[in-house]
Structures are given as structure tokens and as C-alpha cells.
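Same chain, two partners: chain A is paired with chain B first, then with chain C.
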Partner chain A sequence: MAEIRLENVWKVFGKVVAVRDVTLTIEDGEFLVLLGPSGCGKTTTLRCIAGLERVDGGRVFIGDRDVTELPPGKRDIGMVFQSYAVFPHMRVFDNIAFGLKMKRVPRAEIRRRVQNVAEMLGIEELLKRYPAQLSGGQRQRVAVARAIVLEPQVLLMDEPLSNLDALIRLQVRAELKRLHKQIGSTTVYVTHDQVEALSLGDRIAVMKDGEIVQVDDPTTVYEHPADVFVGGFIGNPPMNFLPGELVAPKKDGFLVLKAAGHEIPLPETLSRALKEHVGRPVTVGIRAEHIEVLPKPEGDALPAQVLVVEPLGSHLLLTLDVGGQTLKVMVDTDLQVEPNREVGLRFDPAKLRFMDRETGKALLP
Partner chain B sequence: MTPTMPPDVPPGSRRLTPREARNRVLLYMAVVAIASWVLLPIFLIAVLSFTPREEFFGWPKPLIPSRFSIETMAFFVNSYGVLESTLNSIWVALLTIAITLVIAAPAGYALSRFVFRGREAFRLGILITRMFPTALLAVPLIVLYYRLGIYDTLVGVAFIHAAMALPFSVLITTSIFVGVSKELEEAAMTLGCSRLEAFVRITLPLALPGLAAAAMFTFVISWNEVFAAAVLTTQNRTLPAQVLANLRASQPYFKVAGGFFMTIPALIFIFLIRRYLIQMWGGAPAER
Partner chain C sequence: MATVDTPVEARRPRPLRQRLLGTDTLLPYWLLLPSVLYLVLFFVIPLSQAIVVAFQDPDTGAWTLKNFSDLLRWDYKFKPALKWTFLLAVTIVPLQLVTALLVALLVNTRFRGSQLFLYICAIPLGLSDLAAGLIWYGIFADRGFLNSLLYALGLIERPVTILSYTQIDWLFGAVVVAEHWRATAIVLVVLVAGLQMISKDYLESAEVLGANRWQRLWYVILPLLRPSLQAALIIRTIFAFEIFAVVIALAGDFLPVLAERAYTWYFFRQNLQFASVYAVIILAISLIFTVLYLVFLRVREEERR
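After this line comes the complex of A and B, so read on.
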């Protein structure tokens, strides 16, 4: 197994910069998810690692080998394509055995290894079939089997679940996670689905316009987005953002946040950390589930008006109006609310995320 | 609650609605009309070539000759130069296929896989070669062929036939390679193939039906081509050139026999690659 290192990698198609100066180290045995909206350069980044695209700048390392100039076949990688790319003129067995045959592995061993992998993926019954006789889910397994039978140091997957039905997708997702534990290849997994990313990744690298904006473990990416884009892209519903301002206190060292027509006092640690940003326009972010809704506006709670109530089965999703700003809030189903009702909001100031209003970047790490 | 399913009847035994029946009748009528349009001349010419000579000029002609006679055919086949020119024709056709595929397959591959400057211009430009009638080019071609020392050779004829077949062959091969997903090749490359190996092991087998169609197309062009073949040869004639040279002086039954004889190789050839054509156009997987 091996780590993957991208150093200042660029890839340009005519006028489109698909990958912009990406530097990223993926640790040995890690499951890294490349996440971003469609067209942000995920596939291109993956293809640069695979060697299917020549980089226009920078270097690619696998283990301690500089593979920048090596063709895909010499990089010791396995790749699962979005379309699966299962060879239609070969039986499942020959599809899986293809890489082994290219490496001139002895026949008996080929048979043994294909059998092993087929059992691992539950497709040993299908070995004699042609791909045209398989379902989408089965074809996807064949593609995975074909990639891992070579026991590659690096496993690359490009949206492997995007062509499956929602139900099968959930099941295969769990299987992929188990499979990774079992084979231990350093894995790079491309997806535009943030739920997949959160559930699968040891770490998530969020991409936007060819650049990597944040690389962190799923909890950090979710709780501490590096900028407004990440907070808005990850999570369902996305993070709430309100324009606000940090104002200096009169007497004690504590800061006050002015947002949505209200003044929210900040606790000591937060005040100290944000001191240098006083007077600056900020964007405040808060997750929908970090806001508590009281049936009545009372005490120090922020008054808000209910606009929409959407039952989601396990939760209620409320759309609220606070001082002219719209907030999405997740609450338990036993809360009695209906549109136009006045409610009170309470939240832990420690859950607030502060971003620069102009650059969108988080003010605190 | 369960919706009523149509009863399980083997296909064909179900009663047709009047509308379905009418459509089916129309379909069969169309099939018969198209098939007879193609087959009737072949049938007539075949029957006439096996008709005894004394019956040939009789009227009314019997639909089936009273006696199966190979006299006419034998006369034609044994007449001077026919057998030889047939072999020439076959050689020229095979050479033409070889030359065409060697050029058209890579050209089609490049057009389908790579974006390069002038690609669209090339795609259109290749058709321009069909703009000039061969008659116009005959004299310069003869001069050129003399200089190159390929006048009156089979290779020479094959070259001009290949030039005629190439524009369409390149179009056909391009669309064939467009139809073979690039990702299949890339998958093979991640599994240890070089680009060439990926082409040979993945793309080529998948493109074979289409290439067979291109080959058939080329064969037919070469087999039927008469003008260039007649102008560019004096001794080494292809069959159409030979027949053309002798046609005016021949008896009608000689013409009929020649006509039938010339259709045979095309029929055999199409029969042989029929499977690939059906696979390509009918979508059914090839039997293995």
C-alpha cells in the first residue's frame, strides 16, 4: 500500500482550468472522498492520478515513486469508472481476469484469485455471463472486482454509485466501506453527493472550480466549514447564513453579534478569539439542527415567525423568518407548530461559525 | 387487487385484432415488394443463364426452363479470359479492402478519439475526392500510372478503387469507433494495456462488425467498378472490364451468363459476413 501525493498539479483544457494548483497528500490506506459540484474538476483530478490525463504542471507520487510520466498500466492502480466500462464482449470471468492475464499470472492462480474476489463481492454465480445479461448493480460489482483483483496500491472510484437505484445505492455504499477495510488499498472516491462523502470518507476533500477548498475529516467539514461554499454545499438542509456585525463591548471584554435585528452576546472564549475582527462585516453560519425552537417567544429567546412546516418523517423542517432573514431549522416531530405562529429561538453561541463577508472564508479554524 | 395480466399465450398463437392483422398484412406486402424488387432480376438472370440455348430465344418463355442446362454458363466461363479476369477481380477487391482498411481504420479512429486542429475540415475535405468524375481524371491517371510503373497492374487498379471507397469508408469507421466507448479502452489501460494493446484487445473486437460492413461496402465498390478498371488496364482486366470489352460483340445469352456470374461472388461475400451485419444493425448478440 502507498500514500498518494499531488504537488501543485494543473490540468487545463483550452480555456478551462479543470485542476488548479492542487496539492494534496492521501495517506497510506486512507479512504479519501473528493467532493464537489458537477464540473469542479473531480474526475479530472482522479484521471491525473490514474495517468489517463497528462498533467500540465506539478507532479504525482504514489508511494515514493514519481509516476508523473508513467502510463496508467504502470502505476499500480485500479479504477472503477462512472459508466463501469465493463468489456461487453467478454464474460464476467474474463473481465475480472483481464488485468491478471495482462500481467501473465499463471492460469491456476488467475482462477483462484478471480474466484476469491467474486466471492468477496457475491458475484460467483455470474462468472459465465456476459455483461449484457447483468443488472446495473451486478455490473458495478464486476467493475469493482476487476479493479481490486490486481490488489492495487491505489483504488480510484469515479461516482461508482451514481447510476444505481436509491435502494441499492444505500446497500452498496455500506459494502464498499467494508470492502475498503478488507483490502486496505489507499482509496480515492469521487462523488458529488455529500451524504455519500460524509458516510464513506476518512477525510473529505471539497473541490470548487478546480481548487481544493478544504480537506478534513467528515465531522470537521460538517461542523467547521472552511468557507461559505463548503457550509452551503454540505448538509441537508445547507447551513444557514445571516449577515451580521461584531461590535465592541462597552465595559467587559465580551463581544456582541448584531444580526437579524438582534444583539447576541458572545461568550468569553469566542469574544477573545474574534477580537481582531470587531467592526468588520461578517457572515454568520449555523446548522439547522443547532437551533432550538420554543413554542413561544419568551425570555432571552429570539422571536421568529414560522413560514413553512415540512414533515420529513423523522424530523420537521421549519422555514422561519427572523428579522427579515430566512432560517431553516430542524426540530422534533412532537413540536406543535403551524405556519404564521410566533416562536422563540435559542442556540448555543459556540455553534455559530463566523466568515468574512467579502471572501467567505472562516475567521476561526 | 392484482391487475389482470394478459393470458400466457405463446407468441403467434394469439388472435390478432383487426387493426393488428391489417398492419401485419401491409408489413408483409412491403417485405414481399422490396424483396422481389431485389430478387426478381437476380432470379430471371439466373434462370436465363441455365436455360438451354434453343429455348432462350423462344416466346413465351417458360418460367422454369424445361431442362437444366449449363451450356451457356460453361460457354461463358470457358470463353477467353473470363476465368482469369474473375481471379483478377477477386484479387483487386481483396487488395482494395486491405488498402482501404489500413487507411480508413486509423483515420476513423483518430477522427473519433482525438480533438485536433483541422479535424472538421478533414472530415469534409475527404469527401471532396468524390467531386471529380473519374472520366475527368482518366488521362492524368494513365500518365501517372505509367510514370509509377503500375499501369496495367492489379495493384494499380486496387489503388484507384481504394481511393473511391475511402471517403465513405472513413465515415463508416469513424462512426464505428465513436460507438465504442473511450472508457472501455481507458479501463484496459488501467489494467496494464498500452494504448495499442487496448485497441487490439478491446476496441478492435467490438468494432469488427462495423469494419466487416465497411469491408463489404468496399468489396462491392471494387467489384462493380468498370470505368477506371477498363481505362487503367489492357491485359490484366478485371471481370467487369473484360465483360465490357467483349459485350458489344456478344450474343445476348453470353451477356446474361456474364451478368449472373458477376453477382455470385458478391452473394457469397455478403452471405459470409451476414452475421456481423445482423449483429450491427439488428442488435442481436453474435452466437458464440
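After this line comes the complex of A and C, so read on.
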């Protein structure tokens, strides 16, 4: 097993900078998810680790080895392609055995090891079949088996679930997680699906336009997005964003947030942390489930008007109007609401995320 | 079938296109019709006539193998023709396959200008075989380009005679070179198309799994290229047994081949029977090879992508 280290890696295709100065350390045995919208450079980053692309700058390390100049076959990696790339002219057994055969492993050992991984993935019944006789899920398992039978230090997967039906996807997702626990290879997993990323990753690296904007564990990425982009990309519905301003009233020294036509006093710790940003235009982010909805506007609750009510089964998704701004709020199904009703909103100011209005970057870590 | 419940759709008047062409399932056959007509008119009918003539006694009209035995007895060039045709085929076809494969692999690396390179390689495709034969005659003749070049370079003092009935091996070599130049491009085009169908994911997968260049060629590219290899081999082998104009241009009848014998018996000796026997023999050989390729290079249904 080994850690992966990318140091200032660049990859340029003509005018397109696919990977821009990426520096990232993936710890030994870690499951790291590369998450980002389509075209942001996830696949290219993965291919740079694999050696399928030559980097235009920077270095790649696997363990203690500088593998920047090594071909893919010498990097001790396994890779699962988005298309699976299971050889159509070989039976499942020969597909899984391919890497071992190339390394001239003795035949008896090949048989033993193929049998082992086939059992691990529950495909031992399929060894004699051709790929055309398999379902998408089965083919995906063959691709995984073929990659892990070599017991690589590093396992790379490019959107391995994107070609599967929604139902199978859930099942395979859980299996991949279990498999990682079992084999312990350092894993880099590419996806554009934030739910997948949150459920699988030990850590998530969020990419945008070839750059990594945040690397953190799933909870941190979700609760404390590094910028407006991450907050808007992760979560369903995405984080709410409102323009606001931080002002300091004369008396007690605590700060006040002016947003959506209201003044919201901030607690002491937050006030102290944000002191240097007073007077600055900010963007305030808050998650849909961090807002409490009261049936009536009362006390210090912010008055809001219900625009849309969408039952999602387990929850209700409300679209609200607060002082001309639109908010998405997730509430329990037992709340009695209907469109046009006036409600009150309450939230914990500690759950607010403050970003610079210009750069979109979070003001606090 | 009971027609109790005719669907509404079936009762509507059918669109004009459907009335003219029948149902959609018939359409493909209508589209095939012109080429089928062409084949019947210019291949099936003359061919069946040739077969009939070959197996009939010209005097009595009875079915017989007499024409074949007569030919064996009278045409002392039959065995040489058979020998040279086979030798040419088994020399030229593998040579073309290897050349075409190497060039196709080169083109498939998509180097700068690879498309232009492919077009240039394909130019001979546009020439008739007689024209190609004459071009190479112009090269190999006593006062041809090759001799002029060697002379200009000071490598020879006097023209060297390459094309002479006294050196049949040289004639053979000249035909191989000319035919290789003329007809390799068709194999190349088929193989390039086949290579482009192979997803690069397969090759990269193999690369990650530790396969070197040769292993990727042997275990991934060639097996996936099998349908194209099969098509190219069938086309080339059939044409190889029909080799004619290039041989005539370079060697006259000093290098006898089957198609040349058929031509000679038909035009110079007016012997329809013997010409037909040759046609049938060429047909039989082509058929046998086609079947062999279809069997041995078959891609089973379950191995398809």
C-alpha cells in the first residue's frame, strides 16, 4: 500500500488547461473522491496518476517512487474505466487473468487468484461467459476484479457507477465501500455525483476548471464549503445564498448581519471571528435543512411567504420568499403549510456560512 | 389469425410510400434490388453459362467431365499456370497483409499528416490493373526508369534485362512487386477502418494491466481486428487468384496464370470449353478459400462488442 502525491501537476490540451497546478496528497489506504462537474478535469487528473497522460508540469509520486516518467504498466496501479473496457473477445476468466498472464504468473497461481477475486465479487458463476452475455452490473464487477487481482497499491476508478441503473447503483456503491475496507488499496474515485461522493469518500477533493478548490472529509465539505461553488454543487437542494452585509452596532460590540431586509444579530464567537470583515459585502450561505419553519411569524422569527410546496416523500421541500430573496427549506412532512401562507423562520446563526461577495471564498475556515 | 379486433391503425389508408414499397420490412430488399440485378445480369448468368459449358460435351450436349480431362491432356501450361497462380497468391497476399497492417498501425497513431499519408497510399486504388502493370513495365523495361536510375548513379554500365522469358523468377518477382504496390491499399483501407473501431479504452486497459506493445498487438488489437482481417483476406485472396493484367503487361504468357489461360483459350483459340473449365477452376478455388476464412476467422456471436 502507498500514498499518492501530486506536486504542482499541469496538463494542457491545446488551449484547454485540463489540470491546473494540482497539489494533493492521498494517504495510504484512503478512499479519496474526485468530485466536480463534467469537463472540470477529473478524468485527466486520474489519467495523470495512471500515467495514461504525460504531465506537462509537476511530479507524481506513488509511495516513495517518483513515477512521473514511468509507463502505466510499471506504476503498480489498477484502473476501472468508465466504459469498463472489458475485452469482448475473452471470457470473464481470461479478462481477470489478463494482467497476471502479462506478468507471466504461473498458471496454477493465476487460477487460484482469479477464483479468489471472483468469489470476493460474487462472479464465480460467470467465469466461462463472454462479456456480451453479462449485464452492466456484472461487467462492472469483472472490470473491478480485473483491476484488483494484481493487488495493486493504488486503485483508480473513473465514474464506475455512471453506466448502471439507479437501483443497481445503490447496491454496487455499498459493495465498493465494503471492498475497499477489505483490500485496503489507496483508492481514487472520480464522480460528478455528489451523493456518491458523500457516501463513499474518506475525503472529497472538489474540482472546478482544472483546479482543486477544497479537500476535506464529507461532513466538512457539506457543512463548511470553501466557497460558493462548492456549497452550490454539493447538497440537494444546493445551499441557499443571500447577499448581505456585516455591520457593527455601536453598543455591545456584537456584529449584525443585514440580509433580505432584516437585521440578524450574530453571537459572540462569530462576531469576534468576523470583526475584520465589517462593512464588507458578503454572501451568506445556509443549508435547506438548517432552517426551522414556524407555522406563524412570531417573536424574533423572520417572516416569510410560502411560494411552492414539494413533497419529497420523507420531507417537504419549501420554496419561500424572504424580503424579496428566494430560499429553499427542507421540513418534516407533518408541518401544515400551503402556498401563500405567512410563516416564521428561525435558524442557528452558527450554521451560517460567510463568503466574500466578490471572490466567493469563505471568510472563515 | 382471427381478425375480430382490427386495430384502428390498420384500417387507416396506408401512406403512399408504404403502398408503393410495401411494409418497412420489405424496404431493405427494394434497396438491394439494383445491386442484385447487376450481379445476376453480369455475374450469375455468365457464370452459370460457363459452368454449363464446362460440364457439357460440345457435340452431344451430355453432362460430362471430358472437358476437364481433355484440358489436362492438351494444355501443357495448365500445371504451370496453377503453380504460378498459387505461388503468386501465397506470396502476395501475406506480404500485403503484413505491409497493410504495419502501415495501418502507423496511420492509427494519428501522427501529424497521417490522413494525407493514407490518401497517398490509397492512390493506386484508382488505377486499373492494366495501367498499373504498364507503369511497372515502364520501370522494369530494359530502357525503363530503374535502369536509367541505376545508370545515372553509376551502378551499372549497361542496361540490365529484368523482364526476360529466360529468367522466370525475375518475372515472378516483378509481378509480386507490381501487384503489391497496386493492391495493398484496399487491405490498408479496410484495416485502418477496423482499427479505428477499436476503442482506445481496451488498449489503455491492457497497458495499465502491464501489456507491452507486442502483447497489446497480439492479445488485443489482432483479435479485435479479426472481422476486418477476414474481409480483407477474402477480397484479396479472390482477386489474387484472378490475377491477370499485371502478369500480361510484365510477363506476357511466359508466366502462365489461370486467368491468362482462360483468356488465351477464349480469344486466341476460340475454345469456349477450355476457357469455361478455367473459369470454373478459379471459382472453385476462390470459394474454398472464402469458406476457410469464414470458418477459421469466425467471430462468434458472444464475442461481439
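The rule we apply is simple: the second predicted complex is superposed on the first by the 365 of 365 C-alpha atoms of A that agree within 3 Å, B and C clash if a C-alpha of one lies under 4 Å from a C-alpha of the other, contacts with A are read in each partner's own complex, and residues count from 1 in each chain.
Going forward, contacts are C-beta pairs under 8 Å (C-beta built on N, C-alpha and C of every residue); 3 or more make two chains touch, one makes a residue touch a chain.
All values derive from a computational prediction rather than experimental measurement.
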{"item": "Combined model on chain A where chain B meets chain C, clash or fit", "value": "clash"}
{"item": "First, second, both or neither for A:P71, with chain B first and chain C second", "value": "both"}
{"item": "Which of chain B and chain C A:L150 touches, first, second, both or neither", "value": "both"}
{"item": "Chain B versus chain C as contact partner of A:L363, first or second or both or neither", "value": "neither"}
{"item": "Touched partner set for A:V337, first chain B, second chain C, both or neither", "value": "neither"}
{"item": "Overlap of the chain B and chain C footprints on chain A, listed as residue numbers", "value": "50, 52, 71-73, 77-79, 81, 83, 85, 87-89, 98-99, 102-103, 130, 132, 146, 150"}
{"item": "Chain C contact footprint on chain A (complex, rising order)", "value": "50, 52, 71-74, 77-79, 81, 83, 85, 87-89, 98-99, 102-103, 129-130, 132-133, 146, 150"}
{"item": "Touching residues (chain side chain A, partner chain B) in the complex", "value": "50-52, 71-73, 77-79, 81, 83, 85, 87-89, 98-99, 102-103, 130, 132, 146-147, 150"}
{"item": "Chain B to chain A touching residues, read off their complex", "value": "181, 183-184, 186-194, 197, 202, 205-206, 285"}
{"item": "Residue numbers on chain C that touch chain A, as the complex places them", "value": "199, 201-202, 204-212, 215, 219-220, 223-224, 226, 299-305"}
